[in-house]
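See the structures that follow.
Two complexes, one shared chain (subunit A), two partners (subunit B, subunit C).
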Partner chain A sequence: MNGTVVRLTYRALLGGRRAWLLLAMSVLLLAMAVLLRLTVGVDHQVTADFLGAVAVAALVPLFGLIVGTGVIGPEIDDGSVVYLLSKPISRPRIILSKFAVAATGTVLFAAVPTFVAGLVMSGTAGRIALGFGVAALVASIAYSAIFLLLAVVTRHAVVYGLAYALIWEGLLGSFVPGARTLSVQQWSLSLTEAIATRDLVSSDVRLAVAGVLLAVVIVGATWYAGQRLRVLSLAGEE
Partner chain B sequence: MNVLSVDTVSRWYGNVVAVNDVTMTIGPGITGLLGPNGAGKSTLISMLGGFLAPSAGTVTLDGVTVWKNPEIYRTIGLVPEREASYDFLTGWQFVLANAELHGLPDPGAAAKRALATVEMEFAQGRKVGEYSKGMRQRVKMASALVHDPAVLLLDEPFNGMDPRQRLHLMDLLRQMGAAGRTVLFSSHILEEVEQLAQQIEVMVAGRHAASGDFREIRRLMIDRPHQYVIRSSDDRALASALIADGSTAGVQLTDDVLSVEAVSFLRFTELLPRVARAAGIRLYEVSPTDESLESVFSYLVKS
Partner chain C sequence: MSRPMPNPPSGVIHDIGYRKYDGPRLGRRQVTRALFAQSLRGAYGLGRSARAKVLPMLLLGVMCLPAFIITVIANVTSSITGELPLAYSRYAVVTQGILTIFVAAQAPASLSRDLRFKTVPLYFSRPLERSDYVLAKFAGLATALFLLLTAPLLIMYVGALLAEFPVGRETGDVLLALVGAAVFAVVFAGVGLVIASLTPRRGLGVAAIITVFALSFAAVSALQGIIRYEVGNADLAGWLGLLSPITLVDGFQSWVLDASSSAVAPPPGDAGGVVYVLVTFAVIGACWALLNLRYRKVSVS
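Let's look at the complex of A and B:
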């Protein structure tokens, strides 16, 4: 980790309008939770369906995508990353700093609101809020790692990231059962399944498998992003 | 020391060769990398700065490979051509961040010194995004100088500068060269390079076309056989008038085309209109035919 890289990345990430957009979406999630609580009352199945479909399946991957690619993608695009790379700092260390910012950003904007929304809708009953909160937390970290890697590897990271989140996890997962075993969403839901005491969520992946796969993805993606940054080519404008 | 060595380096993108078998050594003092746009100057500087792997050959700094070696940035300072930087930072914050990234013991003092060197203290509290092009160039320069590098690489540093800023940067680079640093800058303008560089490396179409001090380069570009194709009102009469002068090595008249080989560029350019006028011949077209020469010629004329 490098403090200066972390600080610069935070300022770039949260300085513009992006921070307000993210905050607005987090607030929207909470507002919907409050609305459901007021109109439907306390219904744990509604809580599980809402958090599963809106928070874990949509908000968390979307935020992971925006923040994960946002911590390095624009810098690579406009070439200003040269100021970070032309320094005697190992490239994996730069990636680690970027990853730390992306992960904490996604957790703050997506996982924390998910947990709070769970509390609003179901209180602490059946550890539902905790289950989804932990799932969102772990998924936030995993998505940050994946999308950060994507941003280093390709200039079209947002497009590929959306394709993964929407097509692979969303569509394909609902038609092709096999696709679900390779899905961050399903891995994190297996944590919810294990934590929540009520039988409201079912994941297609066993907890142990999911844990290993999550760890492999987070560590592997971050390591590989560091290796790719070592050989990043920045040519002039000719 | 502080010698950059480019050894039989080529770089290609797919089928396009950007840099073609270039060998050169860049030592202390100011070296100008001269060539028209698209000659491969930026590609070469990217390789020298460790931001592009050579497809073949090696780029070394004092014998150490540059590619995939961040340690070289303790010695190298880089002024990229691209404008983009951290626009949301003030000039001071930007240069300070660069000092911190270098892990300098006293980044504040280093940033202060670098900003003073480029005379940008007056604007250091303003955001980089609000700077003019010349100011950005100077703050980029400060960020490259912050760790007092022995080697400085500048990609088209004079682009977009007004004459006063140009002179200021030239002074700065001269001081650095005089202090024994290795300074390499690229430019497509001959006069710029002539005024500043002790050593000139010319690149044309990816190749290392010439090397030497500016007198040698001028002579190489100007005083060597040039081929021209001429169309005029009376090719035959013009041919006989031209061959009478020593600056014409040969003439050839085929169909309706008069080809002339001139030995001395300067004399020939002065001779041709004079001879044509004296003989009452109207010139319709005078064009150089040698393609690589033409590119050298065209930017020589443009500059």
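Let's look at the complex of A and C:
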């Protein structure tokens, strides 16, 4: 990792008003959690449904998408990435620095609020909050790696990433059960299933398989992004 | 000592044949129409590079695929069921993810590049009013979305006729669904364009639009489900639908057009239905007003 790259990426990602916009989304999740706690009371099934549908299925992928592509996408888009690439820093190291910022950002803005929302709604009972927190943490890191790779590969990374998150994990996953085996969401939910003591969530993937696949995806995507950055060609404006 | 020049310089102006334009000068309406056509074609990548065509055409294909499958199922099982497995009016909500991606990709493509390359002031140096620009862009994207929704509906309609379902019933249903599709298209285009007009950076616009659509839909649907089934308060769940564009228009068409709703909770009673209609029109009007306000002043530098 390179300290300067990390610092500049961090400033580009969270400088100015952008941090507040991202924070607004996290606050929205917490506000809904507080609202549900006040209106519904403590109901562990509600907690699981809410965190599963809003946090793990929507908030974490969206944050991973925005932050993961945001650490390098705009630079490639406006061409200023050449100044970074012309420095004597190896490309895999640049990617590693970018990945560190993206993963930290997603964890801070998406996974931590998920854990806090779980605590607000269910307390520490049944380790539900912990289960979802860990799932969100792992999913955040995996999404950051995948979408960072996507941003290096294509200029339309946000759109294709969204297609994966909405169509593959959402639409196709609800009709074709097989599609769920290859979904970050289900892999991370298998962690929740293993950690939470109550039987509230079920995942289609076994824990061992999910763990291996997650590790392969995170390491593989980061490595391949470094390789792709080595041969990056700057296409003109379409 | 300066010597007087032997020959004073003599210049000749050559006539190299420049001519003034003396063809017909088309006015405001034609400019607006041309901009509308360009926006509509641009939304599908026509007239742009091959790479720009990939995504919209892919989305159009993905949009039509379920309709095709539904048609095949309907024709195979026509003797048993006697109707399509999915109502026309539910199609837009079931495929809302594809619509969201289309808006997120094409609304910034339509507006952000004009802002980024400072071409907007060039438009306004022509006989084109601010509202004409907004109208052309708004209508262009709304028409593109409407076509995206019309294609699968027509496939399903043809399939229903091939399966020899009652013609009158199917025609009525598909026409109602087309009206609903038009409202969907206008609301989606309006919200998408307002967000896209705020940033000259395409990537940021795309991210902001998907966040607004996808996150609001996920949050509203989850809250509706919990409040309706765990708390048992169907009215409150119905009111929550106002907070997301997708559930809003779904409520609109389920009340006005008597279509089958796909949302977790439909509008609560007649009062709720009226509020849904008013809010839908208010959203469209607000988008129009905000876009005009946005383009009152465009910086050149």
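Here, the second predicted complex is superposed on the first by the 233 of 238 C-alpha atoms of A that agree within 3 Å, B and C clash if a C-alpha of one lies under 4 Å from a C-alpha of the other, contacts with A are read in each partner's own complex, and residues count from 1 in each chain.
Basically, contacts are C-beta pairs under 8 Å (C-beta built on N, C-alpha and C of every residue); 3 or more make two chains touch, one makes a residue touch a chain.
The model shown is predicted, which means the values in this text are computed figures rather than measured ones.
Enquirer: With the two complexes overlaid on their shared chain, look at subunit A and say whether subunit B and subunit C clash or fit.
Expert: Verdict on subunit A: subunit B and subunit C fit.
Enquirer: Between subunit B and subunit C, whom does A:Val60 touch in the aligned arrangement: first, second, both, or neither?
Expert: neither
Enquirer: On the A-aligned overlay, A:Gly70 touches which partner chain: subunit B = first, subunit C = second, or both, or neither?
Expert: The second partner, subunit C, only.
Enquirer: Please work out whether A:Val184 is in contact with subunit B alone, subunit C alone, both, or neither, and reply first, second, both or neither.
Expert: A:Val184: touches no partner chain.
Enquirer: Would you check which partner chain A:Ala48 touches, where first means subunit B only, second means subunit C only, and both and neither mean what they say?
Expert: neither
Enquirer: Have a look at where A:Val5 lands relative to subunit B and subunit C in the superposition and call it first, second, both or neither.
Expert: first
Enquirer: Between subunit B and subunit C, whom does A:Leu214 touch in the aligned arrangement: first, second, both, or neither?
Expert: neither
Enquirer: Could you tell me if A:Arg91 is touching subunit B, subunit C, both of them or neither one (first, second, both, neither)?
Expert: In the superposition, A:Arg91 touches subunit B alone.
Enquirer: After the superposition on chain A, what angle is formed at the C-alpha centre of subunit A by the C-alpha centres of subunit B and subunit C, rounded to the nearest 10 degrees?
Expert: Given the fit on chain A C-alpha atoms, the answer is 70 degrees.
Enquirer: So if I take every C-alpha atom in subunit B and every one in subunit C after superposing, what is the smallest distance between them in Å?
Expert: 7
Enquirer: Intersection of subunit A residues contacting subunit B with those contacting subunit C?
Expert: 238
Enquirer: If we count contacts the way the header does, which residues on subunit C are in touch with subunit A in the complex?
Expert: Answer in residue numbers: 48-49, 51-52, 55, 62, 94-95, 97-98, 100-101, 104-105, 201-204, 206-207, 210-211, 214-215, 218-219, 221-223, 225-227, 230-231.
Enquirer: Inside the complex, what are the residues of subunit A that reach subunit B?
Expert: Going by the criterion above, the answer is residues 2-5, 7-8, 11-12, 15-16, 78-80, 82-91, 230-238.
Enquirer: For a test of understanding, state which residues of subunit B touch subunit A in their complex under the given definition.
Expert: Contacts found on subunit B: 18, 37-38, 40-43, 45-46, 49-53, 68, 70-71, 73-74, 76, 78, 80-82, 84-86, 88-89, 97-98, 100-103, 143, 155.
Enquirer: Along subunit A, where are the residues that touch subunit C in the complex?
Expert: So the residues of subunit A in touch with subunit C come to 25, 28, 32, 36, 39-40, 43, 45-46, 49-50, 53-54, 57-59, 62, 65-66, 69-70, 73-74, 77, 156, 158-159, 162-163, 165-167, 170-171, 238.
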